[in-house]
Amino acid sequence: MKTVLLDVPTGDRPRVRDLTSEAERFLQDAGAENGLLHVFVPHATAGVAVLETGAGSDEDLLAALDALLPKNGPDGAGWRHRHGSPGHGRDHVLPAFVPPFAVLPVVDGRLALGTWQSVCLVDTNVDNPRRQVRLSFLASA
Amino acid sequence: MKTVLLDVPTGDRPRVRDLTSEAERFLQDAGAENGLLHVFVPHATAGVAVLETGAGSDEDLLAALDALLPKNGPDGAGWRHRHGSPGHGRDHVLPAFVPPFAVLPVVDGRLALGTWQSVCLVDTNVDNPRRQVRLSFLASA
Amino acid sequence: MKTVLLDVPTGDRPRVRDLTSEAERFLQDAGAENGLLHVFVPHATAGVAVLETGAGSDEDLLAALDALLPKNGPDGAGWRHRHGSPGHGRDHVLPAFVPPFAVLPVVDGRLALGTWQSVCLVDTNVDNPRRQVRLSFLASA
């Protein structure tokens, strides 16, 4: 299996970071032909999502996460997990809803995404300005 | 890797469309034995979910999506993404929560689902009456 | 493909059950080197999540699920699916948001998780005290 671990700067604000060009470069370097690309973030407070970027939906996703997993807890009484910055507990629940992996088809050496799809790191955690992302390519037998 | 791209009519209403029989037929045609089935929708406003169909849960899922990702935005002030039909912005956030892929085990040529599980296209976008779905089978080395 | 079906006791209360040690043992027994681990729950009312356990986030996830998928339905008027214990309808919607599978990288025989990540069964269904979990390892060609 071809696999690499990337360093991705994410800054100190919640962030949707497009990884599509890194993924395409990895597939090219790996000489990938047909199989599956696995995108994985080895952190307990981040996820991977496939969505359109650059037309407002990245900010919409962060706003939706603020509404669905509010900083002051599911019922306003806070989160049980209380380490880190205020509201950080909700970052630890995020990966159950926005999983830390995506699996995408690779056909004839190309990532077979739809026209408006990008694969993105979703990082609401403001305490970690750098993240790792593992890209792996699995070829079929 | 065996892979096909299907055309799936979804109509002009939000829809949970069972794909299980298409998936089983694909595996049979591909002569699949042991490995993973990858179900992927190459659209930025649809997802893939594994759930029971035909006993109300498909409608329950659409109602839950209406409650969690309301047409008038996460805080009632609309979505930033404003193309398409009113409320379409929320369709672009859906794939972060209902990812556009599922990966399922294939054992001895059969899709190894539980009794009440079906693999479904979830499409809340009313502007696209037809969708594509890519099915791929990855055999183990 | 190496694959096993485990029996996992979950009791009669909503539960986040860490499966990481079972997964590591499976990979060792399978002689896995490089590839992907697939974790799958063949039930229509459970999911698989990757999160930190033992520091409150498991309880936080159950509380978030209670808030996002309330027992009395998305709008307080109940769920259409009405079999089983009161509120069971929401257990059938859960797998659309917490999918019944996870796919994780295996590098040099080790599950390449982040320090604080565990792979967990998420089971809000109180009617089934035992669950099955399928672990599969797919090696690259």
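Order of writing sets the labels: A, B and C. Residues in every chain begin at 1.
What we mean here is this: a contact is a pair of C-beta atoms (placed from the backbone, for glycine too) under 8 Å apart; a residue touches a chain by one contact, two chains touch by 3 or more.
What you are looking at is a predicted structure, and each value in this text was computed from that prediction instead of being measured.
The angle of the rotation carrying chain A onto chain C, fitted on C-alpha atoms and rounded to the nearest 5, is 120°. Residue numbering shows that chain B and chain C use the same positions for less than half of their mutual interface. One inter-chain figure worth recording: chain B and chain C are separated by 19 Å, centre to centre, where each centre is the mean of the chain's CA atoms. The set of chain A residues touching two or more other chains comprises 35-36, 68, 97, 99, 103, 138-141. Taken in their complex, chain C has these residues touching chain A: 34-36, 47, 49-52, 55-57, 59-61, 63-64, 66-68, 97-99, 102-105, 107, 112-117, 122, 138-141.
Note for the complex: chain B touches chain A at residues 1-3, 35-36, 38, 40-44, 68-69, 73-75, 79-83, 89-90, 92-93, 95-97, 99-101, 103, 132, 134, 136-141.
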